[in-house]
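Two complexes are shown next, each including chain A; its partner changes from chain B in the first to chain C in the second.
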Partner chain A sequence: MTAQAATTPSPWRQCVELARKDLRLELRTGEVLLVTAPFGAVALLFVPLAIGPDTPLLRQLGPGMFWVVVLLFGVLVTLRQSAADGPAQLAVLRLCGVHPGVRLAGRALANAMLLLTFQAVLAPVAIALYNPDLTGGLWLIPAMVLVAAGLAALGTVAGALAEGLAGRTILGPLLVVPVALPLLLGATQVLATARHEQAPWPWLLLMLAAIGVIALTVALVARFLEESA
Partner chain B sequence: MADPVAGGHPAARLTGVDVEIERVPVLRGLDLTVAAGERLGVLGANGTGKTTLLRVLATLVAPSAGHGEVLGARLGTPACAAIAPRIALIAHEPALYPKLSLRENLHFVARLTGISPTAADDALDRVGLARAADRRAEVCSQGMRRRAELARVLFSTPSLLLLDEAHAGLDAASAGLVEAAAEQVCRRGGASVAVAHDHQRLAAMSDRVVEITAGRAVAMPREMAV
Partner chain C sequence: MTRVRTALPIAAAVAVATGVTAAMLAPADQLQGDLQRLMYVHVPAAWTAYLSFAVTLVASIGWLWRRKPGFDRVAASSAEVGVFFTALAIALGSIWGKPVWGVWWTWDPRLITTALMLFVYLGYLALRRATLDPDARARRAAVFGVVAFVQVPIVHMSVEWWRTLHQPATVLQPGQPSIDTPMLITLLINVVAFMLIYAVLLRLRLGIAAMDDQRAARQVAEGRELAGGAVTAPHLEDTQEKEAH
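And now, the complex of A and B:
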């Protein structure tokens, strides 16, 4: 038998390994890029079709529609089936010495990367369909990063809470959407404020504070979530 | 390798342990000691709590009453997290990610535990999966998946090996891998606990056999088990 001297990796190293595994699973299943993202694009397309060619109204609605679609479909990204660990896999992770908080952090890291990709795919579609005023558009970058981080953390908790429940995808949005409102509000106001040539720091700080609260909640409930899974 | 169960203490000791799963009592007042170096076999009808017993020994389920120690850690305390990496469980359901290859699955576990992925490759070779290592777990037979899990045991060198119907899906040639893994863990001073329905095989690979009846462990003479 191979006697390997194991040195327990740092929680960060474990977190990265877990995220890498989740991203590899996503690459194999294509749930986000091949299923959810096209549906998000279709949702963006439906509004102009329903409203008609009223360009000023579409220009005005565009940023808000983008964030609503990101928020609603982003929940599905975080709750994707390919990322769900079964009881046997959870047992192995625990026996590998992975702390429940680290497991959730790994999942959240992978979710954040996927949500950033999801937004990067949808943003050009929204620009093409709605032709919004992109004055101060660079502020979108931190807003997208913060939305990805916040939604990733929130979706991870919701996924852990709903793990093993038949109503996983129903419960997810119900848990996530109300708590995600500060993110939605912040994200929509960032561009609106930047358009008036003002720095949208208060909105970015609001989003940052929301993420802080969510992350703290994850850290506090991680052990409970693991034991109830 | 250092003695896995230090100080001559038993690998596990359960005293008056009750376990409820979804408010249904599964184990009731169970007493059980697994000595260091011992290979214990566990028999029992379906639903008697054999798998639950393994999960208790794996520190995955805390008793609702009674107390126990596994590898020196008291069950239900934070100390269990520290000894968890010294326990290997081969559960009835394979713990592999179906979309990952056998090699990717094992490398993942190796990296999480700080073991070189090369050791995982060697272990795959030893269980005869070197040529199938890059095949996704979802397209492998149950026997191949089982062998991949045994490879995980080989490179993680546990002090307590828990086997839940580990022979399921294995052909006669591969079945010996289970016995060999248990034997090697025990030779290093660890212990193994195996649950199986095949009485004869279980008796052959165990130093002692107990039967779980009405939530309790009852010693069973080897000849009766056979």
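And now, the complex of A and C:
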């Protein structure tokens, strides 16, 4: 074993360290928990005000509204300012021999953790405001994990595509949201299917397949994205 | 080359005239009557949009592989033309939907996925517009051009995956087309006409893109600043004086 091989951490270790770096930055700035999550809660609060006090209708709309807010505001989570690497940081990572795919995977891992936290904060708010039927609610857990993973991967690609651009926080959502359709569809249908006492495996598989396609695309295009950074 | 330049618009005009005549002469639908004739423009518009985005995909892969500016121009021009045909297909579908379904728009998977495809490619064009450096623009657009194409099969298969209001595929489906032969021939004539229109528009847009590139290269060669380059961040007078000292 050469000296270099002995000192170079494994790609997984690199990925975890990069994710930890992102999470530490988030801990210091609190962009997700202190800014984006309250903003999402305000959006959930505004919908009943716009629709009116029709409790049965709001009960029906609740889960859908929750996922729409997670999708729209979750994109902001993945494109947060603290996730923007400057040319110096990128140069250091390149010099350290970090593969572009590993760098993106690290960012996606951190984004997924933040999105899960974001959903965990918003879910009680949605339940309190809309009082939805939570029959089969345990199925929400895998749905939340898959939405976090898929949205994190998509947001990471969009963030890399819009890196350094003046309008990245506006352009990013336009690039991510239309492509995130399978995630929204799967997430909304999971609870709807579970409510009829059926296992929502097809919808979870749809989301899993979409994540697989996104992950494969990220792996294939990571090198080109690195060049554009 | 000059012959192609003149022959292509003529061929497109002849094909359009033939297509319109065939659409008028084709038998009317038993249920929808003359309204069904909208199919002869709605379906070709949608198929031409698919073709445009497929060309963008191939040209994007070509750019990532060969790094030739021509591929980037083809990808961008085809995406622009594709956005036009997608919007046209949505508008024509809406005009057809109002008398048949009773609404301009309904929450049907085919309609939603098509609208999303429009937004995906509007995002592609916005990404290009936001990136000023030509090399970075070509690279980012090529990556997104590959990613964005995922939406096309979703749009096409949406009527098979979710059976709702929009009718399933009648021609681009496994097995025999479920459409009367004279109607199918008329449809195919119009498809050819639309593809020739696409070729004319793509050619025109490619010419503009090439001129744009030449102008940008000339500006760089002359050392002239780009438009907006003279605008600087405002300074307070005393700050400027301090900086000068």
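As a working rule, the second predicted complex is superposed on the first by the 223 of 229 C-alpha atoms of A that agree within 3 Å, B and C clash if a C-alpha of one lies under 4 Å from a C-alpha of the other, contacts with A are read in each partner's own complex, and residues count from 1 in each chain.
Quick note on the criterion: a contact is a pair of C-beta atoms (placed from the backbone, for glycine too) under 8 Å apart; a residue touches a chain by one contact, two chains touch by 3 or more.
Remember, predicted model here, so these are calculated numbers, not experimental data.
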item: Broader residue contact with chain A after superposition on the shared chain, chain B or chain C; value: B
item: Touching partner for A:Thr217 - first (chain B), second (chain C), both, neither; value: second
item: First (chain B), second (chain C), both or neither touched by A:Ala162; value: second
item: Which of chain B and chain C A:Asp133 touches, first, second, both or neither; value: neither
item: Contacts of A:Pro9 with chain B and chain C, given as first, second, both or neither; value: first
item: Partner chain(s) touched by A:Gln89 [first = chain B, second = chain C, both, neither]; value: first
item: Chain B and chain C contact sites that coincide on chain A, given as residue numbers; value: 227
item: Footprint of chain C on chain A - complex, ascending; value: 157, 161-162, 165-167, 171, 174-175, 177-179, 181-182, 213, 217, 221, 224-225, 227-228
item: Residues of chain B defined as touching chain A within the complex; value: 1, 55, 58-60, 62, 81-82, 84-85, 87-89, 91, 93-95, 97, 99-100, 104, 108-109, 111-116, 119, 122-123, 136, 152, 154-157, 181, 184, 188
item: Partner chain A, residues of chain C touching it in the complex; value: 64, 112-113, 116-117, 119-120, 122-123, 126-127, 130-131, 136, 139-140, 142-144, 146-148, 150-151, 154
item: Complex interface listing, chain A residues touching chain B; value: 1-4, 6-9, 13-14, 17-18, 21, 24-25, 28-29, 82, 86-89, 91-99, 227
